[in-house]
Amino acid sequence: MNSGIGLIVWIIAYPFVSFSLGVLLGGYGRKLTARIQRRVGPSWIQPFFDVVKLMSKKTNVSHGYMHDVAMMMLVGGTLLTMYFVPVPGFHYFSQFGDYIVIMYILLVPPLGMALGVGQTANPNGSIGIARALQMLAGYEVTFVLTFIGFAMKNGTTSMYELMMIQQSGGVATWGLVTNPLLGVAALFCLQGMMNEKPFEVVIAPHEIATGPMTEMGGKYLGMMFIQHLINLVVELTIYMNLFLGGATNWFEYVAKLFALFTLVMSVNAVYGRFRTDSALRFFWKLPLPMAALGVILIMINGI
Amino acid sequence: MSSIITANDGRDIMPGANAPENREYNMFIGPNHPGIEGNFALKLVVEGDTIVRAKTEAGFLHRGFEKLMEERLFIQNIAIVARICVPDPDPNEENYARAIETIANIEVPRRAQFIRVLVLELSRIGSHLFTFGGHAGTIGLYTLPNWSISDRDRVLELFEELTGGRVYHIYNMPGGVRRDLPSGFKQRVLDVMSYIEERLPEYDDIFFNNKILLNRAQGIGVLPKDKALEWGATGPDLRGAGFAHDVRKDDPYEVYGELEFEVPTGEASDAYSRLMVRRREIEQSISIVRQVLDKMPEGPVWNKQPNPLKWRVPAGDAYVRTESSKGEYAYYMVSDGGIRPYRVHVRGASVTHGVHILEHMLTGARIEDASQIMFSMDACPPEVDR
Amino acid sequence: MNAQTQAPTTSRPPAATGAPRMTEALVSAITAETGIATFRTKSPRRIEGTVQADALHSFAAALRSRVGFEHLSAISCVDWIAEGEFELVYHFWSYRDSHLVSARVRIPREPGSMATITDLWLPASFFERDIHEFYGVVFQGNTDLERYILSDWKGPPPMRKDFSSRDFAHEHFTFKDYEPTWDELIDGGYHGQKRQGEGSDE
Amino acid sequence: MAIDKIGSILRPFTALKHIAEKPDTIDVPRHYRPAAERYRGFHVNDMEKCIGCGTCAEICDNDAIRMVPVKGKEAGVGKTPYRPAIDYGRCCWCALCVDVCTTNSLSMTREYTHISPDTNTFFILPDEKGIHEKEFPTGWHADDTINFLDLKRVPMEALSAEERGDSFIEIIKGFSKEQARKEASRCVSCGLCTAACPAHMNIPEYIDAIWNDDLTESGRQMYKTNPLPDVCGRICTHACETACSIGVRGEPISIRWLKRYAMDQIPASQLDTLLTQNVVKQGSQSVAVVGAGPAGLAAAYYLVLMGYRVTVFEKHPKAGGMMRYGMPEYRLPYEAIDKDIDFILSLGVELKTGITVGKDLPLDAVQKDFDVVIMATGFHGGRSTRVPGTDHTMVFQAVDLLARITKGDKFPVEKEIVVIGGGNVAMDIARSLARLQKKQYGEVRLTVTCLETRDIMPADDEEIEEGTEEGIVFKPGRGPEEIIIEDGVITGLKTSRCVRVFNDQKMFAPEFDKNDIEVYKGAQIIEAIGQGPEFDVFAPFTASLEMAGRRIKVDEYFQSSQPWLFVVGDIIKGPNLITGVETGHQAALGVDYYLGKRARDEITRIDEMLGIALAFQKDQVAQLEKAPRLPELAGLLAIEKTNLGIVEALLSGRNTRIHLRQELSRVMRRRDYAYLEALARIPAGPGAVEAVAVRAKAGFHLYTDMLFLTKSKELEFAMDTLRDHYRSLAERFQTM
Amino acid sequence: MAEKELTQRTAWDKVLANLRKRSLWMLHYCTGCGAVELPPTMTSRFDMERFGIMPMVTPRQADILLITGYLSVKTLKRVILIYEQMVAPKYVVGFGSCTINGGMYWNSYTTIKALDRYLPVEMYLAGCMPRPEAIISGFNSLIDKIGKGEANSWKDYYENYEFYKKNQDHVFGDIETHHDVPADGRYFGILEAKR
């Protein structure tokens, strides 16, 4: 599948596959939250209906072409990341870009969002973007640190190779098991990356009226939703590849995806959100030292 | 082209803000904003994340109740007073009925007085549960609203059974209450009380002892005792500052004088302390409800009043106070001996909490705490607007 | 007589003893001393009386500082249009003695002016602004009399007795003109019987 | 500590256990969730039970209930064709309408869902089936123990049987002020009584005035349609109380006693000053009224108010007719009659007593002297049973005896008496004779017998009960056979059982069972089976008068085929006090039309409104005359004077007739507030401009209503002009 | 017009409508006291998310504008601003008596009496206020309507803008809404269709 016609078919089909997975994950997340809240919850594929609804709306409001370009950046950046993240049966692009590339591309969507929201001139949106960047400062360093540590230990920055190394010895060689400090620290970062509570400061409806999404309606919001759903899959996959040994087949992949998402959503359901400053303080007080300690331990071991 | 601003009417509220040499900018919270309790607006001048100046804007819910009451018969008003405060309507009915009873020297049958206390306390429980939901919502913890508001629904079901209406009860009448308890009602009240009592520890687990709540609510919205007194705070907001004043104790009405209950207070004077006062008040209310059901005598529930179409209340005036879930709720009624009230002044509890105190407390706070501070004051905009 | 009227009833809560007597004594001491007011005990925990308009501020200050009436519960305004007067009723509550003093002040309807007490009680600013909006009374010394609740209102102060909300509504708004689904059941048809008074502004 | 901290961090995760639980969610709308037993849902109305009193519409604080006339529902005694229609664009589900419903016909179901894009479906005419014609159990319904309405009467105090047994002192003591106000407070002002009252008295208004302790106003309201309130307050047949909506579930309001209370409080000397009746300066046209009974006096009263010279002829020495000579004093004291009559006479009515028209003075002679003659001679001839023995000297006619009692004539009263007849006259004579027996012999031995059985006896129940208390023996359901005379002395009355009184056609055709014979002992027999007219007074016109059956043919204003001759009272409508008053009132109006040569256009329901308009215009002129000369008001006085003229012109010939129609009375009572309040708000003297502005608005509303109500083109034009005037005036002063 | 549109629906329109009806977001704006029954409807007891209905924060994101009861003139101004910012198709749901004929505030000097004079209303719910069950039934009938393609009242605002504008001006004086409504109408192809 990583060459020839199969590759082309895969490249074309992958966004849809990943979107479908995102829809299922999103629906599952909402259903799970609903059940914790003792209610029935929406349909399993509710995000799909939402996206269709949004994309079919007659959007008559535009905030200039920069806004439209920004939306392209948002979705495009996420799609690009998606291709570079290896999944079972598809790791063609990961040979061209290791995790460092992914790190860079991952920054594109937030920047696109910042650009787009900037066009709307809504203070809530601007605050939201400012918060998003602050949060980036909070979790990005830690996440990079965990990766560095992990890469140092295994001597490669290629995500595919890291994945293969982990798969070599079953659960015992999973990143989370071999480097629990790094794994747990990265788990906190994942929660932050996915914008879930307690780090959901960017959207924060009660504070800044959904922040970046304030002025988004119709197709723009639809794009953001699509981006969000694909992003779910991408971010979960990155963590999975780094610390949960990736997946060898699709069954395992989906199972791990949902299991990981269950954890994320459970935390999301039982905790409120931090204030921005508390969130940053939290990131710097707990995951960052953990990650640093992990890296130091690896360095000590390595010596 | 920003919706939140245009949802306000765009009047420039604070001179000097938005100027290029200034780092301050205007920000509107409401009237369309989930962080607002009801239809209300905060106009903020913000520098960075800090609120420099704050002003409230009300009147979106203004219906002119005081005027409407002057244009309606005494009996007709019992249907409209409940609408003044939506989450906690019964203090209105209580006040209205009691104002007339005071002016006209009407005695209320003892059983009716017990039933009124029962209704008031159930209403308080419902209102507090509602507020918990709102407060938890401001920190994004949506599990609690889902629980507490659906638990409040049990209380509303009791109301529906007793009064025929879920939210607006139209049950207190000058001279008593409109109907006696239905058969088997006492047991169902007790069941619901036990249910809520069982649920409270679960709330503690997820909400009141939640580290995030402690992190966010402790130390914000501090209203020290001296300021609380100076600015006219009442009810749980005053008690949260450590001052144990409760109209039920200090100016008892109905049969509160015969019931045993504590007045919970907090020490820290912050949002969390006020929240905990409310949480402990639910326990007290449950205890009051049990006492009421236990002590309630048999007998009539309504002291017959003249034909409502011809009913005149003798000339006079009365100032009646009730402890609502939000604080001191008072009515000043003047009758000139006619068939309509000459004047009814509604003093909602939120006229201090939701306006000046809120403005003072928001100044210097961070914008992410704005709505939490508002919910911690439990301000109810319709009380301000009337 | 109706059987229900003879039902067992309790009277309102008994008057608190001790401290309140002292309160009454103090209130009457103030009134005697200043000669600006007359007060009487109306019912348990309720003292009411009349104060001259220009003396209210000093009376209130004395009430607060000497008798401990810390809490301004409300300021109510009553429009006695027949007498051409506004009555302002200040309700003060004493946390210490659990007593309410209602001080009445009569001011002429025109021009309707009164000294503020916001310097003594901050909450007064809400009530004074409210009365300003709804009755048009001006409180001298209150700097915050900007429109608040009625910021979009163009008519006269609505709580004045010479303003009829009902008439205003009939003149400024349009009511629904139904075409009932049961029109054939009505003798002469619904519109033959419609009551006048609605939708008269068009 | 650390463990505790970690524990507390993990505590929220206990919430995860709910994943496995069944959700708390109720599966609506798939499964209907019934509302509580008392739920205040949509209205249902039992169309048959409902009497259309409109009390629900009165109490509705949202003006959400409108009374609409439903096809197939007839107006009748105590009911109207109106039924409530409910506007769910207004309703607030407070259920005050249900609690106040006089018949319990209105209730609420437990149905709570109605969704529609069409607002018209939110305006419903509730019937038994409910809004969607689906079966839903009843929710909120009236509770008999907790009811807004006072279903029990205030008991009227009366003399006990011992106290009253031997005297002619009035039995009924009358209400005290508290009792009267309490009784008045029961009224819901539905106006059914007004419709049922033959004279259409403004009953809700005068009851309301009693409740407000404004007896002057109460009297004023009564005199609008009835110049004999003192008399009516005692002996009226009170059709109003039969119609009373409170009577459906409880005891009707004691309307008669309330009237009596109000009039008793107004001393005779104050009547003319309190009742500010404007007596028009007497004109040249004259009217003769023959008979000073209720009908004649009523006609005289309204005619003299309209400016006619009225002369009343009466054969008895005193005016009053049957009121005086046919009523025992214990029911109607002579002072009450004198008070009413003296007031009427004081207005300028000339009374000539002792003159029997037709005997002392032929009718044609009267016709020559007067422009119009109103005959109100009444029923003075007693009917006879014509059984054998009735020509005996100890057989008396009740009416004759009653008159003799009044006059103080002596006549024999035997130890044992039999009275034949079951009506109120029979009761009167029986109870009068019982008193005389008691006085003379110390005991009562008197039998009353009649054809009708007890349940269908025409006499009032209370009369029968009181009579029984006084010692009278009732033998109902018996027909007289013959009077037993032994040696020229009556010893008793032989009767047979009456099988039935009326035949299938409801005609009077008694049948007797001749085998069932009873004899009642008595030395004196009184016949009280009814009275009839005496037509001899009409000579010499008897032949030229058109007859309708056994009665003289008259039109709706009681004008006979001889245009100068009006016939009123018992002769036309049968014996009834209040009907007599009404015929007199109507005839006065007919006379006015006849002599004023005005067309008898339909009396529209706008009359009442014109009365208000007149008051409004008069007040307007008066206020403007008092007002300071301000530039803003320049020229306004002249315009208002013209307007007053317009209204007066419209009213001429109408203002004596006040005929409240059901719908109007309700419209009026609702809208009245606005006008009257507008009037009350006007300060005197200063603030004249504001006053004019306020009035302008009130005027606009007043004429808008009238414009809607009127059907006459002439009126419409006038109303339109006036309405425009006030609209522009209001706009000028920016109140609109 | 509406009938014509209904007959002209293509299969794609039908599929789209049936997907769209599964996701409806209502604006989280408590315009009046009826809003107090919304939290129970949203939360566990009645859980309207079952039908894909969620509260949304800003007008741009919302499909349904709930007018929860009375509207004071001051709020009406905001509501009109909000309505014009909402992205079509959008639906106004009148909630309770007050939106139909003034409700219990029929004689109030500050509340409007008939909502449909100022905004096109898709449907009304009876009640003061409607129970959560009734609200959910109401949403369900709105869902049905959308599925059938009958929920087109929003187009009326563009077609008859003069009518709405006249009534709006009558209560406000002249109102500035930042939105060129006729231009929007042309964008949606509603006004061209008319010309």
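Note that the chains are named A, B, C, D and E in the order they appear, and that numbering of residues resets to 1 at the start of each chain.
Criterion: a residue touches a chain if its C-beta (ideal position, glycine included) is under 8 Å from a C-beta of that chain, and two chains touch if they have at least 3 such contacts.
In this text the structure is predicted, and so the values were computed from the model without any measurement.
**Student:** When you check each chain against subunit B and subunit D, which touch both of them?
**Tutor:** A, C, E
**Student:** Please flag the chain sitting at the greatest distance from subunit A, going by CA centroids.
**Tutor:** D
**Student:** If you tally contacting C-beta pairs, which comes out ahead, B-E or A-D? Let me know.
**Tutor:** More C-beta contacts join the chains of B-E.
**Student:** Taking each chain's centre as the mean of its Cα atoms, which chain lies farthest from subunit E?
**Tutor:** So the farthest one, by centre of C-alpha atoms, is D.
**Student:** Starting from the mean Cα coordinates of subunit A and subunit B, work out the distance between those two points in Å.
**Tutor:** Measuring from centre to centre gives 43 Å for this pair.
**Student:** Rounded to a whole Å, what is the gap between the Cα centroids of subunit B and subunit C?
**Tutor:** One centre to the other, that is 20 Å.
**Student:** Using the average of all C-alpha atoms in each chain as its centre, how far is it in Å between subunit A and subunit E?
**Tutor:** From the centre of subunit A to the centre of subunit E is 36 Å.
**Student:** Could you list which residues of subunit E touch at least two other chains?
**Tutor:** 43-45, 47, 50, 57-60, 74, 77, 85, 100-102, 104, 106-110, 114, 128, 131
**Student:** Multi-chain contacts in subunit D: which residues touch at least two other chains?
**Tutor:** Only 12, 15, 23-25, 35, 61, 87, 89, 92-93, 119 qualify.
**Student:** Indicate the residues of subunit A shared as contacts by at least two other chains.
**Tutor:** In subunit A, 34, 36-41, 61, 205, 209, 214-215, 269-271 touch at least two other chains.
**Student:** When you check every pair of chains, which ones turn out to touch?
**Tutor:** A-B, A-D, A-E, B-C, B-D, B-E, C-D, C-E, D-E
**Student:** Using the touch definition from the top, list the residues of subunit A that touch subunit B in their complex.
**Tutor:** 33, 36-39, 61, 63, 120-125, 127, 197-198, 200-201, 204-209, 214-215, 269-278
**Student:** Could you list, by residue number, the parts of subunit E that touch subunit C in their complex?
**Tutor:** Interface residues on subunit E, with respect to subunit C: 73-74, 77, 100-102, 106-110, 112-114, 117, 167, 170-173.
**Student:** Which residues of subunit C touch subunit D in their complex?
**Tutor:** Contact set of subunit C toward subunit D: 2, 81-82, 84, 161-162, 164, 166-167, 171, 176, 178-182, 185-188, 190, 193, 195-197, 200.
**Student:** Any idea which subunit D residues touch subunit E in the complex?
**Tutor:** Result: residues 23-26, 28-29, 33, 35, 42, 61-64, 87-93, 112-117, 119, 122 of subunit D touch subunit E.
**Student:** Name, in rising order, each residue of subunit E that touches subunit A in their complex.
**Tutor:** Counting only subunit E, the residues touching subunit A are 16, 19-20, 22-24, 43-45, 47, 49-50, 52, 57-61, 63, 85-89, 184, 187-188.
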